[in-house]
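What follows is a short report on a single structure.
As written, the chain order gives the labels A, B, C and D, with residue 1 at the start of each chain.
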Amino acid sequence: MDVPILLVIAVTLTCGMYMVLERTLLRVVIGLGLMSNGVNLMLLASGGLGAGTAPILHGQRDYGASPVDPLPQALILTAIVIGFGVTALLLTLAYRTYQSVGSDDLGELDGKLTDE
Amino acid sequence: MIARSVILTTCARIAYPVLLLFAVALYWRGHNAPGGGFIAGLLTAAAIALRFIAHGRRDRSGASAPFITAIGVGLAIALTTAFGSLAFGHAFFTHTFGHFHLPLIGDVELATAALFDLGVYIVVVGNVITVVSAMTDREPGED
Amino acid sequence: MSNLPVLPVALPMAAGIALIFLRNSPSLSRAVALVANLIVLVLAAQLVETVRIDGVQVLNFGEWPAPFGIVFAVDMLSALMVLVTMVVSSATLLFATVSLDDARERTFFYPLFQFLLVGVNGSFLTGDLFNLFVWFEVLLISSYGLLALGSERYQLQETFKYLVINALSSTLFLIGVALIYSLTGTLNMADIAVKFPQISDKGSAGAVAIVFMLVFGIKGALFPVYQWLPRAYFAPPAVISGLFGGLLTKVGVYALYRVTSLFFVGNVNFVLPVLSFIAGATMLFGVLGALSQFDMKRVLSYHIISQIGYMIMGLAIFTPLALAGGVFYIIHHILVKTALFLVAGAVEATRGTTHLKRLGGIVDTSPVLTGLFFVAGLALAGAPPLSGFVAKFMLMQGGLEQHFYIMVGASVVTGFLTLFSMMKIFRYAFWSPEQVPFSGRGGHATRLVSITILVGLGIVLGLGAGFAMPYATIAAEQLIDPSAYIAAVLGSQAR
Amino acid sequence: MWGLVVASLLPFVGAALLPFLSKSRGDNCGWIASGFIVASFAAVAISTPAVLHQPGAIAFEWVPSLGLQFSIAADGLSLAFAFLITGVGSIVFTFAAAYLGPEENRRRFFCYLLIFAGAMLGVVFAANLISMFVFWELTSVSSFLLIGFWHERDASRGGALKALVITAGGGLAMLVGFILIGSIVGSYEIADIMAAREQIAAHRWATAAAMLIMLGAITKSAQFPFHSWLPSAMEAPTPVSAYLHAATMVKAGLYLVARMGPVLSLIPIWTPTLTVLGIVTMTWGSFLALRQTDLKALLAFSTISQLGLIMAMFAQNTASAATAGVFHMLNHGLFKGALFLMVGVIEHEAHTRDLTKLASLRSNMPRLFAVLVLASLSMAGIPPMGGFISKELFLEEVLQMPWPLTVIAVLGACLTVGYCLVLAIGLGLTHQDEAERKHAHDAPTALLWGPAVLVFGALLLGLVPTFLAGGLIESAAAAAIGGHVPHPHLTMFHLSPTLIVSVAAISAGAAVFRFGWMRRTPDAPKLVADRVYEAWLTGLEHNAQRLTASYMSGLLWRYVTIIVCVGIISMSALAVFVGFDASAPWGARPAQTFEYVVALIPIAAAIGAVVAPTRLAAILALGASGFSLALLFSLVGAPDLALTQIMVETVSVALFLSAFVHLPAYRKLKPRKFQPLYAAVSIAFGVGVTALLHHARGQRVGGTIADYFVENSVEKAGGHNIVNVILVDFRGLDTLGEISVLGIAALTCYALIKLRPERKRP
């Protein structure tokens, strides 16, 4: 199912980037979330999207149906976890920034107020 | 802050041990089937969070302290597992595993990797609870 | 197989964990953090010597053979980077123990600091591309914590931008990993180096190069994607800026050195010319940014950018001489730039500001600090016989020999303007009459000690360049010819 | 040779020891420092015969692999300068010891001054270009500190910065020139470079190298158009002006020209350029000197003028011109040092150095006046002073030059006589302000004997030049041209065409003075060069600000746009200039309809997030994207991923909601108006990245390392779930890093919430 997944990747990354370019704190955070979803799919696709079985072996030596490439899956898991940690932090930070600046408009964060 | 309902409390009381058990199962089978420390940790954390919400603990500032310690403990377990191999003259992170026959349970495979996964589990629980309680820790009027 | 290479990562991690438990006891935390740092410092020095004598050190984690498991592969560049990291972090830590407020100390400053070192050292040591991503994340997430620690408004808003930019670059990093894994089916950097030339499509190889140049360009603050840096580094207390200014961007530079020498040179023919353009532009834009500022910390932040141009210059010329100069420059810069930020920190601690127009008369109240700044500023500008001169000399000679006239010209202009802007700081902050009556106590002796260590090393590295040069030369040779690195990692399986 | 090493190290040792040797208030600093410099002088003097007889070299390795070493060698040229440095130095140091009051930070002053003296000796004894550069820059730096010694004055700070900017900037250019030459020859040793001079002159870098080195020389020696730093440097305490800006530092450029002359004069551009610059500097400087009312400024411009003269001589690279250059250099060091010191005395006693305010010195300070007149006569080139001889030698050279240069040079000589007369007669005979008489009294002997000794030296140079310095001058001139020089016959009495020109010049100069053709104005208009410097300064800062402000907007989306556009543009350039291999297999397998349907969910979710009108909707859309991802994962054989994704998404959505939904204001999330530019950028990004990936997937080189995991997971690692085995075993280190990230993230969240300015203690 290459084409559908590639389509998903393209749309998710596009929408994610568009939202990162917005000027609302929350939208930027959501945009990053979308982007990381898209990239996780990319990693998955980089190992090939065969119609293989899950990379779980049954019995001692089971080379029956060839499993799909497990390495990208492991990488994605790591990336998901890291992404989760970063998202949690990003949210807290966005929330605190909002609280401290009193606005969720990134245009108000241009630093001119506190520069010089 | 949060309107507690009897139903929620009751559900939580029942769901809590079930979720915890399920989490333990997920952790245990992780090496051989879908599951593992991370997933189990998230599930446990969700269960604990649910309990928090059900009990509506107002003062959560004290609650996060043990979970920060849990982060430390989890990391320590994981790191110690990795260091363990040094004591046996192996490279950092060399795992070992073996089959043991335990009474009642039968043939059990024990791997040091599982110990490492336990560290992962504890860190995840500590992380989620710390973040959640930090996020919901708001002073009155600060909302 | 020696486990020495992992210790610069594992020990700070252990210390960081211990410091989580010790968070309520600042005095104990200081002691533990300092002792841990010093132990790792000694180990790092040993690592450098081991690499010098025995060549590239490889540690296969879990004893899994090379391209499959994760390896730490330590060549001279890695070892030197770890060593200098430990030196500046020890000095910074010493400075922090007497400069940070109690609240910051109790709110995980020390664990965050140690985990930052974990990430930095891990990035320097690893021989696996995805593992490099992981260590980058470790150092980044610690850096977010350190940047925002204190939650002043300016800190929060700049940390947010810093975080978003870095999250974006991490996303690009993963895209690069996905591309590389698609093309080569491997993550081990030595293995990639073997397989990269076999990629038949020049376009794909070039695309990988562009992605990684962009990723490490963002992390390393290269032209034209460095805008995140100046404000972010201005936000936190100077001691944290110092650590960041000295270390963090250099991880990006290091990674660029690593992937360029392993993957791209010889395979992607536009990388070096593009880098030479970037180097020149980075220098000039950085130094012009510095000239536009009137705050010590901001000026120093912009100078980080301009100095990174020199490091990339060494990489772009890619001859033994220039690479050795680049390596030398990185080490010099980490020491001296951290020292300068710490001076700013000492000024900030006693005067409450680093704005040039509100400072003055430091030469009379703290002559030692003045002297330290003067020497460090000259070293940064490349005045002889200090460390910066030797590095710039090598870069200039290397550049002229390879006919990079414009880039050498840019480097001379940048050096000149750097001198000017350092002396501008000197003129305003140190020489001019006191602007605001100053009532605080004088400089804390411990602060001066930590700055003195760094400045002293800058002098030693300059005058003793003859002794340091073999190390830089070895590093450069290993970069030029990575076959030793590849053979050490892949062993007999090298294909 | 070792005597010279000792001589050049002594000042540095002194500087290092001064803080320990001196008393707490620094009362005795001056005398200790003088002791060191006198000792240095003695060391030079003692070594001279041996060195002249048998030249040698000593090298201290610095960075052998780069050819950098501190090597010391000496010939007549070095020694002539060394005598000036240590000799005039001895006098200036002792003068300063008496001159500086107890309120000054004398310890710091003498420390800087000693470092400077050591650096100057380093320059003249260096036998390696790079070590010469090291000391060269050290003189710039120490002079910066000395000029700015009275740092509470704004003018001092500005003057110091200006001097540093110009001299150190020129030094950098010079360094590039040195590196060019070093690269041609393969060595930075001056001896090797002398041996390879034909090779250098023939190289295509020759002209560039010559120009760059010349830049170093003319900035240091304050030649037109870089002369403006010298008058500004007059903010320094007077002994500094006497030492640095008359006798030594400004001569470093001359030394460089003389030292490198044998090599660089083979390059066609060298001699003509330097000659013209020198002559122009000489005349322009003397013209400006005539217009000054500030005594120190007058001397500063006269120094510029005299330096131009000597520069023109050294540029010729002929025996007679080099002799003239060396001789006048010695002369100038003596009389100009004396003049500066005397200005210091005058200022000290009369509290002004304004020519128009100073009353008759002859009656007020007769002893000082006598010395002053002698020094001025020497500068004017009037017998019986040494200056006369050197001017004769100079005119002899000038008469052989092309006629425009001759005219300009003779004009310069007239003007020189004019301002010297201003000094000698104007100061002594005018009676303008009798009120000053009360303050003014004759200078104390402690201050006067230094200048007197210097002037006496200048007098001796006029009376017995050959006896005093003949051997030295001969040897120095020989070194400066890199060949043989006949033993000079310097004498006061001779008959030649130059004498006529000389007499004419003196008369014309007297006329200039007598009729006051050059009006002196109290506030002389700003130098053009000064204005250029200031315009450069403000323009640089202004433009840097404008440039930096143009891209440092502080707006996140602009930064991101730049990053993404850089990526897109470089990828497009790649596609155009390198091109992708279109023939590579485009291996997309067909998909079933239901898979397309499934794919619609994340697509709809992503688009939904973009257009969501409220916070809640946007967050839920992100959640939907995540959950549908889990669905996709489960379809392609990744159950672990699917499970994890579900759990993570659940917790994330909960976090999002708790962070944002409860915020009272801004509940509505109005999307920004549609931005075509950003949309285009985003589409290019998303589609481009996907296309790259797909293209890359078609060209895998060989297999993947994953096969190893499949094969060994059970036997060697004891696990059936390969993904989990990879996570905890094969790539366990990644997981260790990953949980570190989680842990730190939690700590940071906690710190962010608990530690805030409004409640400092957690």
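One rule holds in what follows: a residue touches a chain if its C-beta (ideal position, glycine included) is under 8 Å from a C-beta of that chain, and two chains touch if they have at least 3 such contacts.
From a predicted model like this one, the values you see are computed outputs, not experimental measurements.
Peer 1: Going by C-alpha centres, which chain would you call the most central?
Peer 2: That would be C.
Peer 1: Write down the chain pair with more C-beta contact pairs when C-D is set against A-C.
Peer 2: Answer by contact count: C-D.
Peer 1: Measuring from the mean C-alpha position of subunit A to the mean C-alpha position of subunit B, what distance in angstrom results?
Peer 2: Each chain's C-alpha centroid was found; their separation is 24 Å.
Peer 1: Using mean CA coordinates as chain centres, what's the subunit A-subunit C distance in Å?
Peer 2: Spacing between the chain centres: roughly 28 Å.
Peer 1: Distance between subunit B and subunit D based on Cα centroids, please, to the nearest Å.
Peer 2: The answer is 61 Å.
Peer 1: Two or more other chains in contact with one residue: find those residues in subunit D.
Peer 2: 554, 556, 560, 639-640, 644, 648, 651, 655, 659, 663, 689, 693, 696-697, 704-706, 709, 720-721, 727, 729-736, 738-750, 752-754, 756
Peer 1: Where in subunit C do residues touch at least two different other chains?
Peer 2: 13, 20, 61-62, 130, 134, 137, 141, 144-145, 148, 151, 153, 160-161, 164, 168, 175, 178-179, 181-182, 187, 231
Peer 1: Hunt down the residues of subunit B that sit against at least two other chains at once, touch-wise.
Peer 2: Those would be 32-34, 38, 68, 71-72, 75, 79, 82, 93, 95, 127, 131, 134-135.
Peer 1: Can the chain contact pattern be summarised as a line, a ring, a star, a complete graph, or none of these (other)?
Peer 2: Shape = complete; every chain linked to every other.
Peer 1: Which of the residues in subunit B end up touching subunit C in this complex?
Peer 2: Subunit B reaches subunit C through residues 68-69, 71-72, 75-76, 79, 82-83, 85-86, 90-95.
Peer 1: Within the complex, which stretch of subunit D touches subunit B?
Peer 2: 639-640, 642-644, 647-648, 650-651, 654-655, 658-659, 662-664, 717-721, 724-725, 727-729, 732-733, 735-736, 739-740, 742-743, 745-747, 749-750, 752-754
Peer 1: Which of the residues in subunit B end up touching subunit D in this complex?
Peer 2: 26, 30-39, 42-43, 45-46, 49, 61, 64, 67-68, 71-72, 74-75, 78-79, 82, 93, 95, 97, 109, 111, 113-114, 116-117, 119-120, 123-124, 126-128, 130-132, 134-137, 143
Peer 1: Residues of subunit A touching subunit B in their complex?
Peer 2: Residues in contact with subunit B: 54, 56, 77, 81, 85, 88, 91-92, 95, 99.
Peer 1: Taking the complex as given, what residues does subunit D use to touch subunit C?
Peer 2: Residue list for subunit D touching subunit C: 61-66, 68, 108, 130, 133-134, 137-138, 141, 144, 148, 151-152, 154, 157, 160-161, 164-165, 168-169, 172-173, 175-176, 179-180, 182-183, 540-541, 543-545, 547-549, 551-552, 554, 556, 558-560, 562-563, 566-567, 570-571, 574-575, 577-581, 584, 689, 692-693, 695-697, 699-706, 708-709, 729-734, 736-738, 740-741, 743-745, 747-748, 750-752, 754-757, 760-762.
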